[in-house]
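Each in structure tokens, the structures are laid out below.
Both complexes below contain subunit A, partnered by subunit B and then by subunit C.
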Partner chain A sequence: MSISTHEKDGVVILEPEGKIMGGPEATELRNRLYELISANNKKVVIDLGHVEWMNSTGLGILISGMTSLRNNEGELKLSSISEKVANLFEITKLNNVFESYDSTDDAVGSFG
Partner chain B sequence: MDYQLLVGVIYLIFSALLFFTGTVIFRENPYRRLNRVTSLLLIFAGLAPLFAALGVFLGRTAVTAEGQVPFYENLFFLWELFFPQLVLFSLVFPTEHPIMSTNTRVKYLIFIPHLFHILLVTLFADTGKIVEFLQVDSDVAFFGWITDRFAFFVGFIAALLDFLVRLHLQTFAAINIIYIIIALVLFYRGLKYISNKRLKTQTLIVIWGIQSAMGLYMISYLLPNLSGIHISANVQIAMAVAALAIGNGSIIYAIIRYQFLDVRLIVRQSVVYTITSAIIVGAYLLIISQFTKILQDILGQETPILPAAFIILALIFFQPIMNQVDDFLKKFFIKGKVDIRYVADEISRELSSILDPDKLEASIVRILREEMLIENVRLCLRSEDKPEFILLPQPNDPAPEMKFSAEDELTENLLRRDRPALIDEFRGTEQKSKTIEGLEKMGYQMIVPLINRGELEGFIALSNKISGYNYNYEDITTLNILSNQLVVAMSNARLYQESLEKERLEEELSLARQIQRDLLPKTLPVGDDFELAAYSEPSRYVGGDFYDFLQTKQNNTGIIIADVSGKGMPAALMVSQIQAMLRSEVRNTDSIIRILQNVNFLMSTTTSAEKFVTLFYAEYDPAKHMMQYSNAGHNYPIVISQNGEHRFLTEGGLLMGAFKEATYKQDSLKLNPGDLVFFYTDGINEAFNYAGEQFGEERLLELIKDNRSLSAKQIADRVVKEVMDFSSSDMPQDDMTVVAFKLKEQA
Partner chain C sequence: MSENKSYRLEIPSSQNHLAEADRFLEGHLKQHGIDQDSIADLAISATELINNAIIHGNKSNPDKIVTIELEFTDKHLSISITDQGPGFKPEDIPSPISDENILKEAGRGIFIVRSLVDDLQVEEPPEGGTRMIIIKKLAS
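So, the complex of A and B:
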């Protein structure tokens, strides 16, 4: 999996692709998030538009990314969540924890 | 036929062999004491058969010249210097006795009795000469005066000396035997200090040879002198020579096998030439001298035909005889050990059967020391976790275990060379490696790299060979073969160890599986109005799913199904922790919400945010047919009524263990007879087939709906079977758990 990263209006946007189900792709996402956090980035959006599916490992990475950012007075927001993944967020009630937006622009804009 | 002549020839050949071997051993390395001592020993020993042969050849003429004692008769005793020399030999073989360096006079002192003896027997072989000597020149005034004055005294001294000489001659054989015994004692002592098996065997051969020789010698000399049994001079000499043959034979054998393992072709060839020539000369002497006589008798005149024919025959047969002798010697002394194929074969047979790395290391060291006769061998292997090499300790080498960095120049050099090389060859570089310096100081001369697929696994450091020879081309070839074999054997041994480790791990895992299985409820609660069925199968040995049935404070039935994030052992460890928390909370807390909040808080503070559990907790009150529940981010359990209507149990809160401030809500529902509540984990709905298609919630819902009239157990089994049939693998892809709770239909 390749994770493209770009920045817009001071917000770092990560765009993972495929499935986040443990293995190297999950490790890459985890490392990328930690790099951003240690580089003191505070505004991060993960664009899940190209993520077909994720399992508990993927969720775990998002959760820990978010809590770490929060502890650093930052914020992790999600965008373009597919229906299937959204269902997962709903079941686990994580939709109550993560701020998510239909588009990446909306997510970036929400940082104000 | 004159057998005396044959005996003479045999003596002569034997003597020549001893002289020759002595010379060869001396020339091999004149600077080594062992060589000098051994060669002199063999030369002294060679004197005996030489004089015996002279006695045989010249004896007849000597006998005719009456009253003349032949000169060699007196010289004959010279060979007895063999005995002190034997003691000297025992002081340097198999190891040098410390006295050789602390008291340098010893090596001369041990010869005094024999020198005295020889002086005595050569000067006063005839005891009468002593008196003669003392009375000689009595006409000289001074002596005459003395002899006149002390005539009686002189006579007394002469008689005393005469007696002493006789006594001496009678008992000197005993001195020789004492010398042999001293030598034997020293050999036995030396045995204790040698660890090389081969050297030990050789020393034992020497000991046995000398013991047998001593036996023969005692019979031939001591017995007649002490007991008066007469043994003819010829037999006596023959026995002495036989004793020498056995004793020296054993020494030659041991020394050659010990020293001449890589006996150079030229040395071996010279031995071969000597023996062959001796055989032919012997044959010539035997045949020609006899047949010429016969021919002379027949033809009545001397004919040069026979000697000429013999010389031609000798020329024709020289080479074949020589080859035979060469083969025999090779077989006898060398036993094919210089044949590198032999050594390689031995090595591969031995190494391939060893699967324990430690034993492999010990065995390679032993093989090198014994098969190639190398003084010290040390193995240096790459450390498993650090970029360094460890020079393993070795019992024969006092230097302790040593480490050196793998970034040393030596690593690079060894990789580049990729074959055994003398340590000297690494010296050319401008900046010398510390390791090489260290190894050199410890006396190592040769380095054999162990390279496996372009990586340096380590090397073998070899000291000098016991023989003192340098490493030759054959040795390097053998070492090269050996290093390749060793690398393969080491990697086999490592794989085997890994498989053992894996086996052990698997054993542990199946034990863990058993433990996890035992943590699940062994019996299902039986209610008056409900039935329960449960199934759980981890995708690996252990998993992160579990279910539990507990009795609540109000005597209701508590039902738990949960799925810890991740799989395998890490998940299983969390399962047991959560299970314990829940059991304790359910027993002590009567609010569902509080139970979940407490467990969530405890979990959040003890585990990383990445680890969490989705959990569904329900309590069924049989009196009211009411089910209270809270869903902490778990797959929605499905309630199906008899008429086929369904609903999902969604109320609750966040998955647990990630956010410690999470709060939960609860809901309750009234259940009717025949209602089914189906709980499951994501291993069910997320099972996928070959097309990558998921089993999915809809399919599950339909399946349950279609089978709602079956018993709880049948429904659970049916779902598991359908999912397994659907799935692309025989083993669950993820941990799979189902719990079916069904109210009995009213009769």
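So, the complex of A and C:
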């Protein structure tokens, strides 16, 4: 998995690419997220547009990132969720938990 | 009537081998003409069960192996994941969509598998461990 990071309007955007299934790629995403939180970033968007699929390990990392950011008075939002990943959010009811947007620009703009 | 086909892979109990297991499964599923959407559902489900086998079954003990078997018959395909652990009861897992569990980081794997495949069976092989079997019906 490759994960690119960039910043727009004070919001850090993570773009993981590939599959998130629980191996080294999951560890990399978890670590990258925690580096951002440790560096006191409070506005984070994860663009899931290039994630082919994920399993519950990926969902767990997103939940952990969201709750850690909230505990640090920050916020995690999601964007560009593919159909396969969206289906998993619906099955697990996590679509009611995460704030998500069709595009990364919309997600960044929502921070106001 | 076509002949049954089966394939087998053994991996050490390390998540570093997940991608290898995924390539093995997706490669054979594609070779047998399974559609891409179903391949993704089966790969998601199989990797859930392989993670469980590595972490909960074999306690990430590298001396223990996880066996992955894929079988195609005329009517269905099955993916079996067998560990060498003490066994568990899937019905003991609390609902991951209840209010008290919705924000927990783990505990969704079996729930997801049951939602994505036609059937999930649990066996206790005579030699020990747990065998989880994913069943997908094939169009005749």
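Methods note: the second predicted complex is superposed on the first by the 112 of 112 C-alpha atoms of A that agree within 3 Å, B and C clash if a C-alpha of one lies under 4 Å from a C-alpha of the other, contacts with A are read in each partner's own complex, and residues count from 1 in each chain.
By our rule, a residue touches a chain if its C-beta (ideal position, glycine included) is under 8 Å from a C-beta of that chain, and two chains touch if they have at least 3 such contacts.
On a predicted model such as this, the values are computed, not experimentally measured, just so you know.
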Simultaneous placement of subunit C and subunit B on subunit A, clash or fit: clash
Contacts of A:G60 with subunit B and subunit C, given as first, second, both or neither: both
First, second, both or neither for A:S68, with subunit B first and subunit C second: first
Subunit B versus subunit C as contact partner of A:G23, first or second or both or neither: second
Winner by number of subunit A residues touched, once subunit B and subunit C are compared: C
Common interface positions of subunit A, toward subunit B and toward subunit C: 22, 55-57, 59-61, 63-64, 67, 91-94, 97
Subunit A residues touching subunit B - in the complex, by the definition given at the top: 22, 55-57, 59-61, 63-64, 67-68, 91-94, 96-97
Contact set on subunit A toward subunit C in their complex: 19, 21-26, 52-57, 59-61, 63-64, 67, 84, 88, 91-94, 97
Contact set on subunit C toward subunit A in their complex: 15-19, 22, 37, 40, 43-44, 47-48, 51, 96-97, 102-109, 111-112, 115-116
Of subunit B, residues touching subunit A in the complex: 563, 565-566, 608-612, 614, 632-636, 652-655, 658-659, 682, 686, 734
